[in-house]
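The same chain A turns up in both complexes below, where it pairs with chain B and then with chain C.
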Partner chain A sequence: MKMSAILKKEFLVFFRNIGLVMFILYAFTLDIYIAGKGIKVTPRHVSIGYVNEADNLIVNKIISHFHSPQFKKPKLFLSEKALKNAIYNRKIMVGIVFSKEFVKNLISGKVAKLQVLIDSTAAAQAEVTLIYLQNILMNFEHKIKIPANIDIIKLFNPNSNTKWFMSLSELMSNITMLGLILIAVVFVREKENGTWDIMLLMPVKGSIIIFSKILSQVLILMVGITISVGLIIFGIFNTPINGSLFDFYLISFLFSFAIGGIALVIAAISKTILEVAHLTIVIMLPLIFLSGAWTPLSSMSPFIQFLSYFSPLRYYIQATQDIFFRGSGFVDLLPYFGAEFLMAVILFYIGYRKIGRLF
Partner chain B sequence: MEILKVKNVSVSYGKKIAIKNASFSLKDQEILGFIGADGAGKSSLLHAIAGVVSFDGEIIYKNYTYHSPKEAEKIKNEISLMPQGLGLVLYDFLSVKEHFDFFRDLRGLKKDEEYEKRLLKMAGLYEFQDRLAGNLSGGMRQKLSLILSLLARPKLLILDEPTTGVDPISRAELWDIVNEMREEGMSAIISTAYMSEASKMDRIMLFDEGEIIASGRADELIENIKDYTYEGEIESKECFSFNKRTYCLKPLNLKKATPTLEGVFFVNALKKGKKPIIFEIPKKQIDIPNIIVEAKCLTKKFGAFIADNCINLELKKGEILGLLGANGAGKTTLIKMLLGLYPIDEGELYLLGKRIKSYEDRIELKSKIGYVSQKFALYKDLTIRENLEYFAKMHGLNMSESSKKIKEYSQMLGFEEYMDNFPKEVPLGINQRFSVAAALLHEPVVLFLDEPTSGVDTVARSAFWKLIRKLKANMGISILITTHYMSEAEYCDRVAVLKRGVKIVDDKVENLHKKYPGLDFEDIFLNIYKEKQNK
Partner chain C sequence: MKLNVIRAYLKKEFIDLIRNKMIILTYLIPTMILILFGYGIKLEVTHTRTIIIDHDHSKLSLEIINKFSHTKYFDVKVKNLTYKQALHKIQTNQADMIVIIPPSFSKNLYKGAEIGVFIDGSFPLRAVTLQGYVEKLLIHGFNIKLPIKIENRNFFNESMRDYNAVVPGLFGLIFLVVPASLAAIIIVKEKEVGTIFNFYSAPIKKVEFIIAKLIPPFLFHSLNIFILLLWTLYLFNVPFRGNFFIFWLVSEIYILISVGIGLLVSIITSTQVAALVLSVIITVIPGFLYSGILMPISSMDKESYIEAHIFPVMYYNHIIYDSFLVGQGFKSNENVLYFIILCIYAVALIVLGTSLVKKAIK
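Moving on to the complex of A and B:
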């Protein structure tokens, strides 16, 4: 009863703020569309692995062209299988297999075939890496005047559709941002309008007020996600979904609460909505950076990779990509659900303690 | 010499016409007062003159004619407007001193130490220059906005209810300043809800429902109502009573009294066929202890500053206790401690016989307490009906109970026609009544009202006090109320006076009258404040 009163009130307030509603609609539709269509990414610290079956100097020559800052030092693998495994586990993004054939053909002036494996779940980076690879080989061709063909095997995202990735990544960044803002604002608005005291004087437990307020915004987020996935992701970009949509909603729901915990901390320390906006940006950037949305985790330093375990967005993105592109089922996703749930519980507890002090 | 000519000015917001065809002129060095009920159109006309809203008609300032805010840009450095509302123009995170720097820069003024010091002293803010505006009391905020509008020494000063929530001592000082600046060539248009202030102006214009219905000196306006003014207060369906006078169109068997400006409102209302609201409040017995609130040496500190210093206070069952004191004396702080909105630094608090220590101690008591804050804080994105429904539900009323109660109170308190408006769209007096309704829905046994009548028009205030006393008489509710209208203190059973965080008087109103025979309560208050010089 009391919860429904709070929910109703928060929905009314939300819909009467036309500006906010428009912004949210924009972030869930047009912005996702633009991101899917547009962004170009230069590779940074892309991790490369290779198999050198030929054990030839030419191979080392080619490999030496992959250097920082675009690439990390290429890693040697003993078999194609080990390389594939590393890619599956996201340790490596691009794998090159130098077969005996390749080197032989290269030397003898025939058409040489090079096999490249890429983790296309980070399609943008993979694609640009390929262009680099082509350029490097091209330079070689000029010197030794032999044609080389690149045989690309794309893992997990056979069509390597950049827009699918970019739009999903953008959606997840936006959910993070909007989750932080919306949830922090339901509290801070009460401070700004001077209704905080009135709220405290209601004969309702603080925990119920806090929970209902968050729930109202999580539901708004869910509606936004539905609009975005339906209209843009499926509707315009025709993104395939190999796993189950239910799993995606479940992980989104868990993620919203993890974000809600952080938003509570923001709400506790901000006095104005402007402060919320500032803090959101400050907090959002590392969250996204640590999640692997922009730069694949496998190409980050071990310390940062370790830190990334504390970003709720990491599990969200990985689970989402797995649901959409790898078609992972519920059981395969359990680790993500578990981790996200844990994050939600921990962050929520911290946030709750922090804002609870104001009640 | 005329400095301002207003010709057929109308202002409307959508369909609603706020002021229609207003015409008047203002002489050099003249101080003109605007009085009238809430929503009568005073603010709209003031805003049109200051060139901040668009209007129809023509305004001529000196020799410059303007028809729109854009055209008014040219003269804005000679005009200064202070809008209504508790410190709306302030930035919560700037200190008092920084506000001065900011406004000086904004207006391109040279620093005048002496003058600024005077303004600060007048507002009682001299010692608090480093305090953030957000931490000032309501009245202190009002006074800060006021002196900021005086900073530029405007040629034409436009003040929209500048003294709302300002204590009597500062009000007197404000008039000294305005008079002095008039000597230096300033003219002013000031709207006010304090009739004692309006009497001091050169000329007064009375507004009613978007029209100027009378204008003249105070004594001229009063002249018209002397036939309808009687001594004492009575309970009647056809006459208004307020502040020891009764106003009635039909002859009464009472002694005639010398009218005051306040009477103009009542007589005007009567002439338009308005009747006082009769509040039908069912009689009820409530079973509560005799002492509702007992505070023992309550203390609140903000850093090194002591806002409330060891205050002892008792509120008995069915009692109206007036909490008086200058701006910043610690009234709101004390109420917030009683409500549990501020932690108590020292002292003990008992509510309804129960020692209050923690959050948990309070939660069940919350349903027994009603509170109206100094800012009438309600949800501005919800209509009045939605606001009330929300509060009712939060207090655990079910659908049918809640709609019944809401209907009852909206009729009882006379805001039924505004139910589907947003709080911003209705006059302050209506907001005040609906805040009280929101605080009453759950039938509390004690009400805390922080300046519920500040900025509310005379007729609405008289209705409000009738309601309060009825609530007390019929429902046995105890009420703790703060006000800066000293005449309203007469309606309290007892008053406690705070000065700089210390309680200096706590006595029955009748006893104070005995102690200071022949004085009205404003003078009694000023006397008390002068006598008890703490610090």
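Moving on to the complex of A and C:
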């Protein structure tokens, strides 16, 4: 009864702040759409330029193999200098110089060395682009006999559709950010507005106040997740789900409480929302970027991999990817549920102790 | 404009920020982001947990296993599992890749032999990169002579270091997010707490108020330019090939842009939460996506290519990457153009913000 009264009050406060409601809606819909749609992590439309010193038809034949979506239409440059200039101005990422010697060797069947100039500012992209190049040149000459068929299958996402991956990563980042901010602010706003003492005078136990305040924000988050998953992730991007949706909701719920624990600590320390802002950024950014949301954990340094065991987001991300892509069942996910639950309990206990002193 | 009014207001702002201990966070956050991300974001794919199932046990299959084991890209375990068991390893996140060499593989060479590679495709970039690594490695393993040999010369980041690729790009992210949220919050705070009425009723002009509010975040973060530069040069050993003066000037202008965004955010919002959420949303995601860290702008799809040109990050990071890795400076027309665009951007934001601030209750 008392709990529902507090819940009602918190929902009222939330929905009266129309600006905030709009931004949160934005974060759960359009923002995720933009992130999913906007960026292809695998290099596409690589800008490519070439110099044809030999002026031979075979060059045009090779060039015709560079096509979309991997490459933009190759641009002809009159001299190597002009090509280099374009690379220096970062108009062109890959430059190929077809020298007279290359064409001569290629026709006479010797090993022909092809000079490739590449802007390697983005090292990983450059590397993948080189692999593309290699493949094109290999397929160009049908004379090569490969002794065995190399059958490479990319499981779960055979066409490397980045929309699925990016939109989920963005959703999890936004949940982390909003969870921290919303829950911390529910408490700090009372401090800043001076209504903290009024809150203490209520004939309700402190623990119930704390719990129902958090629950109100967690419920708001869950509604946001539902909107986002239904409208954007399933609705627009047609992301497959190989596991069960219930598991995803369960882990999201546990994760929200783990984040709530961290938010309680922030709320206990800060007196103003400005402090909440800074502390949130300090905690949120490493959480998001070092838990494997955007780049795979296994490539990070061992120390960071070790640290990430203490991040509730790590388990959330892995469980979510397992549920959506790898199709793991409830039993396989149990370690994540366990870890997330443990995280939630520990963080919540710490946060509760911290803020409980103020009651 | 009365200078002594501005001075008095500024003094109040500085005392406020220092009393809040905000000053510690103002300097802690950018450094922390730079160090954590610099060490943490690895776009290169290494230590892929690979399971090789060898049913052939021939000289060739051992050679292939050897080839896989001797690179930093794969952490190989040779196991005798069925395909199903191995797949379960991927599903439970204990492996990233399976290679299956079928029985009598080496006997069937040139007669339809097949080697199966299964990659966990959940991370698209990792999957594509791994595919390339595997193809390259197996072709070497079969000792095929290719008629065309690629001789690549890498520009700007010759050794393809991840640090050189990631760390300069972080400047655009940090100086977009942090000054904007600081500026937005210190203005909106007055609205929420109610002290904005001091401004409404005091004999202070709109311009003076804005100058006094924006100078503290601007000055605080100007010092951060140098702090971050030092970390980049001496901790990450990124080369600096450009002109220091251009680097410094463009960074100051960029901070001005960020503070201007904060000003605009503070006009739309009336509570600090909303200001915080809005400034983080409109800065973090574009700041990261269009920074050129994940992918070069020139290689983007049409939609995102246009979107990238709307946000200031792209122009700033172009000049920053140039300062660190390329070193063309203002010799390149592109840099001059982008510099002018940034200047226009800064002026437009501040002018727009100033004209929208009202010195009265709505």
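Assume the second predicted complex is superposed on the first by the 245 of 359 C-alpha atoms of A that agree within 3 Å, B and C clash if a C-alpha of one lies under 4 Å from a C-alpha of the other, contacts with A are read in each partner's own complex, and residues count from 1 in each chain.
Just so we're on the same page, contacts are C-beta pairs under 8 Å (C-beta built on N, C-alpha and C of every residue); 3 or more make two chains touch, one makes a residue touch a chain.
Source: prediction; values computed, not measured.
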Original post:
Between chain B (first) and chain C (second), which, if any, makes contact with A:K213: first, second, both or neither?
Top reply: neither
**OP:** State whether A:R314 touches chain B only (first), chain C only (second), both chains, or neither.
**Re:** neither
Original post:
Where does A:K113 make contact in the superposed view: on chain B (first), on chain C (second), on both, or on neither?
Top reply: second
**OP:** Check the residue A:V13 against both partner chains and state whether it touches chain B (first), chain C (second), both, or neither.
**Re:** first
Subject >> Touching partner for A:T195 - first (chain B), second (chain C), both, neither >> reply: first
Original post:
Touch check for A:R90: first (chain B), second (chain C), both, or neither?
Top reply: second
**OP:** Going by the touch definition up top, name the partner, chain B or chain C, that contacts more of chain A.
**Re:** C
Subject >> Contact residues common to both interfaces of chain A (with chain B and with chain C) >> reply: 17, 272
Original post:
Within the complex, which stretch of chain B touches chain A?
Top reply: 92, 134, 336, 339-341, 359, 363-364, 366-367, 369, 371, 373, 375, 377-382, 386, 389-391, 393-396, 398, 442
Original post:
Okay, in this complex, where on chain C does chain A touch?
Top reply: 20-22, 25-26, 28-29, 32-33, 36-37, 39-49, 87-88, 90-93, 96, 105, 108-110, 112-129, 131-136, 138-139, 142, 144-158, 160-162, 164-165, 177-178, 181, 185-186, 189, 192-193, 268-274, 276-278, 280-281, 284-285, 289, 292-296, 298-301, 303-304, 307, 318, 321-322, 325-326, 328, 332-334
Original post:
For chain A, which residues are in contact with chain C within the complex?
Top reply: 17, 19-20, 23-24, 26-27, 31, 34-35, 37-47, 87-93, 106, 109, 111-128, 130-135, 137-138, 140-141, 143-158, 160-162, 165, 170, 177-178, 181-182, 185, 189, 192, 272-282, 285-286, 289-290, 294-296, 298-301, 304, 318, 321-322, 325-328, 332
**OP:** Could you please specify the touching residues of chain A with respect to chain B in the complex?
**Re:** 1-2, 4-6, 8-9, 12-13, 16-17, 193-195, 197-198, 200-206, 271-272, 359
